[in-house]
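Here come two complexes built around chain A, the first alongside chain B, the second alongside chain C.
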Partner chain A sequence: MSARVLGIELRRSVALLAGAVIVAAGLAVAFMMFQKDTSLGQWTAYAGLMRYLLEILCPLAIGAGAWQGRRERRSGMTELTATVSRPAWQRVLPVSGAMAITVVVGYAVVFVAGVVQVAGNTTYQHLGWLPIPLVGALALIASGWLGLGIGTLLPSAITAPVLVAGSLMGLIALRVLVGGKAALLSPELGGVLSDHFVAPAPRVTIAQVIWFAALAVTGIVLATGIGRRRLFALLPVALGLAVALPLLPATREATYVADPGAAEPVCTADLPRVCVGKAHANALQPLVGPAREALRLLAPLPGAPTSVAENTRDTYMTSQVKPQPSDVLLVSLPTYWLDNRSRLSMTEEEALSELLLGAGTTPCVRYHEDPNPAELEQYRRELDARHLAAGLLLGKPLRTFGSEDKAMWPALQALSPEEKHRRLGALRTAGLSCSGDLMEILTGSGAR
Partner chain B sequence: MRWLTLYVRSRRVPTAGAVLLAATLAFWVINVLADPSQRIMFGAFAAVLSASAAAVSLGSDDPDLDRTAAIAWLSRRAAHVLAVGVASGLLLLLTQISDHPLGTVESAIRGVAGMTGLAALGATFFGAQLGWLLPTAQAVVALGAQIGGAKESTLTHVLAWPFQPDGTTAATVTAVVLALAGLLVHAVYGSKRVRTRQ
Partner chain C sequence: MRVVNAAETAPTGYAEAVTATGLKVRAGRRMAVDGLDLALGTGVHGLLGPNGAGKTTLIRALATVLRPAEGSLDLLGLPATGNPREVRRKLGYLPQDFGFYPRFTVREFVTYLAWLKEMSKVDIPAAVQRAIEKVGLADRADDRMKTLSGGMLRRAGIAQAIVNSPELVLLDEPTVGLDPAQRVEFRGLLRELGEHSCVVVSTHLVEDVAAACTDVVLIASGRLVWQGTPAALAAAGGADDVGDSPTERGYSALLAAHTDRRGADW
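Then we have the complex of A and B:
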């Protein structure tokens, strides 16, 4: 392919327009997302957010490709080009190359828009996130080429709009309705990433590269093929599915695996030690005060913790690791407690009560979306007990007390200090190993 | 009758109609999987697709030839836009009979009205073949605002009007304004003159 033809295609085809549309739509949507998301704080989260954007950009690339695909038919050139005694790929390569260049440049422009901010915000500089946008760029190329192929196959004015609206809807349906394994065939990567200590599993990256490459080949085969030879286009899709689907993890949660670099502890030099993950190093300074205060308040209890560490393995405490060691007080710093620079956005008082929940233990009842009434009741009961325990340690009711807590508070507050310590100690022991009902232990109603 | 037959054929109405039917059916099939809270979104996308497909019928291959005919185009264009809206609206409302309706009655009417207006505007500005640009752009803007915007701000209600629940005044007003603007502007000016076949 000569550079001259590529240059002409860059100027004369829909490629430049496609790039411009991707930049415009990408920046507009990204800007709206930046407003309320903390993803500008970490590299992996930012790259993941930019992949989420592809749920909108890929359909646009498909539409641009489809519009381009009907060019020859529109200008009545089909028969003329068919008489040229050159292989079809020589004709398709410049136009598809031009489209690939502009969509990738467009995506890069959108990606770079937030890069300076992320670099300034994060304390965890690394390059492990690079495959995320690279796979995204491949997905965009595949979309453009697939559109080109379908547009050549069905050169109607309706093809492009139907493909855009259909694929916009299709990708959303893939995420919210199909879910599971198949959802990862979409260019997005598990929605907005709110855990700062994970990276995409390598097998997901590999499977997606294979899948999108297969789609790209399909597009080219459709664009170059004549007559029945177009049936060969089904081959790469089938192959891609056959290889990618078994590689993809079965559940959404397994899309991401732990990132040891992000979780590497950053600790205070002096004792008692307070540690956070490297990605949250900015949160260490504000956390030290409440953390040491929590250790001081917990000290009278049997088996009291001697240091504080961030829970980097399970930020949202959805898969409690039990029994929990008693000497380390685990604290979770989910994104809603952090600002864009991963500093604490809650007050020291809130941080202290959070550290003291359940007398310094992580919850036992796993909360999940869509609980049944019995599970919800169990969860609420444990949460109430955990709040009451923190209140007793602080010596005053928490602002987060529910109505149940408020009703029980006077009776518990009236207990003798020894009895309070005894019950809190028992609650802590039970919370560490998840044995027994915390509320019963706290109210003293359980059989002992 | 003969005039109508020729008109319908010159505007590719059969193709547009077939796509309309197929698209609504396809969306309804996907919608069976959805839970009720997602139906408004699916209905909105069905409206985007209907309007995009129908926009192609708003102009002929040779607009210059059309214009030489000394007939009252204004009323015919208005009737055409209205017919597009009514046809796609009825199709969408037909799903209300089933257990898996595409959106609510209100959201379906709102969506079809607004999207048809946008398609008519798009055809006026860019030509009938590119009439789908505006409904599609609206879908993208709405998705972005839905993902990124503040839930309860009027701006979000306006930008993401297709996805708002029933009774959102700002969304309804936006759709009505778009519908009226599309109907009026298209009736007066017609599709941009783009010759597609030599």
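Then we have the complex of A and C:
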């Protein structure tokens, strides 16, 4: 492809405008929605956030491509270009190349706008996040080229706006209504990347590369094909789906893999040892005080922990880390506990309360997005018991007590120290292995 | 009056850039070119005929836009129905409805077309400059196409048609919008092009043909009516025929004879 002709297309086609729109829309949305997002504290999370942005930027790229696609018809150039010798697939290279360059540069500009912030915020510098924006860039290119193809096929003035609106609604529907593995056919990666200790599974990256590449090829075939040859455009889409769908994982958990670099422990030099994941190194110092106080309060209990470590496997407590080792007090630091720089955004007292939940055990009842009433009741009961246990250890009710907790608190508070100790010990033992109903154990109705 | 066939009138030395035998080409449902025999070589060929004669359809077929429905058409020694890529590399075409990219400058537009014609990228800048100068647009080369007047746009169209030094130049109504001075200059350009190329100019302006063409092709109802030199065309007319000039009178005389002959055939 001639650099001179590419330059002409960069200057004169819709490409430059497309890039500018990507920059403007991207920065506007990022500024309005993500300015305070804790994802700005970690590379992988930030890259995931920028993928979320594509739910808006990809439809815009499709629209820009569609507008460009009708240029030949709009300019009355179809007659002249029908008589030139350069093959159609070569003819589309400069305009598609210009489109690819500008949307990727636009996306890069939006991405770079947050880079300085992330680089300054995080203690975990790495390049493992790079595939995330690269796949995002491929999704943008595919969108632009798909729009180009459709715009060439249907060179109407309404094609572009209809495609923008349609693709925007389609992508939202894919995420909200369809879900499952099909949702991963969208450029967005899902909110779980805000968990600082995971990265997209390689199979997800591979599947998305295949899918978006197939869409891009489809766009080019549509843009270059004439008449029935355009039917060949269905081939790459079908092939992309046939390969990508089986590769995509069926469950949300399988969409992500642990990031061992982020979870690498960063610990205090002195004892008792307190550790956090490398990604949360900034949270270590503020955590040390409450963590050691929690160890002191738990020390009288049987099988008391002797160190504190961040639970990097289960930040959002959506799955059990069981059986839980008794000598380590595991603490989760979800992003809502943290600020942009991954420092604790809660008071020491709040942190101590969290550390003492369930007498220093992690939850047993798994919480998921759509629980049935029985599951919800089970979850609530365990949560109440965990809070009451923390209150008993602190000797005062927690601010986070619910109405059930408040109702039970006077009776529990009135127990003798020995009985409190016995019940808390029993609750901790049960909590470590998830055996028994914590509320029954705490209230005495099922205490052993 | 005797209707001369193509073979008799084709000037000797023609390399037969265009050879049509029994050529039929559809324009929509209508057979606009209907059994045309034609041989054109190096020189400037003025394609004349009344409205609906099939001039534009013939030009479009020569430009490989339309495929022949019947008969054979060889362009630059190659069958037009085969792979036209080789032919298209040596083709220059100005359509009747000339489209352009309005945001491009003249230079960018001609450069872009040169690239589409697969010119060597090292040759493009000089060739573009040359073509733009030939059509007298050097001072507007870096202006956007949308800022040009109708005549200037036509000249930009001619520039893109000749940028690749084509062996076959097809110009459909090239003088539309040109002022008299520009038309005179354009005739000079045509003569220059015709020294080495086969130039086919479709026009209604008989005086352009008389001034610039080495050969006149008169078609009506999709068939060749007459082919000969402009001098022979002028000689064909009489004082009573319609027209302000000898060539116009020759043109109307030949058409009238053709109409009479068709009437007699019926």
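Brief remarks follow.
The criterion applied here is as follows: the second predicted complex is superposed on the first by the 443 of 448 C-alpha atoms of A that agree within 3 Å, B and C clash if a C-alpha of one lies under 4 Å from a C-alpha of the other, contacts with A are read in each partner's own complex, and residues count from 1 in each chain.
In this text, contacts are C-beta pairs under 8 Å (C-beta built on N, C-alpha and C of every residue); 3 or more make two chains touch, one makes a residue touch a chain.
From a predicted model like this one, the values you see are computed outputs, not experimental measurements.
In this overlay on chain A, chain B fits alongside chain C without clashing. Of the two partner chains, chain B is the only one touched by A:Ser156; chain C is not. Looking at the shared chain after the overlay, A:Met169 reaches chain B, while chain C stays out of its contact range.
In the superposed three-chain arrangement, the CA centre of chain A forms the vertex of an angle with the CA centres of chain B and chain C, and that angle is 50 degrees when rounded to a multiple of 10. By the touch criterion defined above, A:Asn372 lies against neither chain B nor chain C after alignment on the C-alpha atoms of chain A. Counting residues of chain A touched by each partner, chain B versus chain C, the larger count belongs to B.
After overlaying the two complexes on the shared chain, residue contacts for A:Ser416 are found with neither chain B nor chain C.
When the shared chain is aligned, chain B comes close enough to touch A:Leu60, but chain C does not. Shared-chain residue A:Arg71: touches chain C; no touch with chain B. In the superposition on chain A, A:Val29 contacts chain B only, with no contact to chain C. Of the two partner chains placed by the overlay, neither chain B nor chain C lies in contact with A:Ser403.
In the superposition on chain A, contact is made by A:Ser85 with chain C only, not with chain B. The overlay of the two complexes leaves chain B and chain C separated by a minimum Cα distance of 9 Å. The interface of chain A with chain B overlaps its interface with chain C at residues 76. Residues 12, 15-16, 19, 23, 26-27, 30, 33-34, 38, 41-42, 45, 48-49, 52-53, 55-56, 128-129, 132, 135-136, 139-141, 143-145, 147-150, 196-198 of chain B are the ones that touch chain A when the two sit in their complex. Those residues of chain A lying in contact with chain B across their complex are 25, 28-29, 31-37, 52, 55-56, 60, 63, 74, 76, 156-158, 160-162, 164-166, 168-169, 172-173, 176-178.
Within the complex formed with chain A, the residues of chain C that make contact are 60, 63-65, 84-86, 88-89, 91, 93, 95, 97-104, 108, 111-113, 115-118, 121, 124-125, 160. Within the complex formed with chain C, the residues of chain A that make contact are 2, 4-5, 8, 11-12, 71, 75-87, 91.
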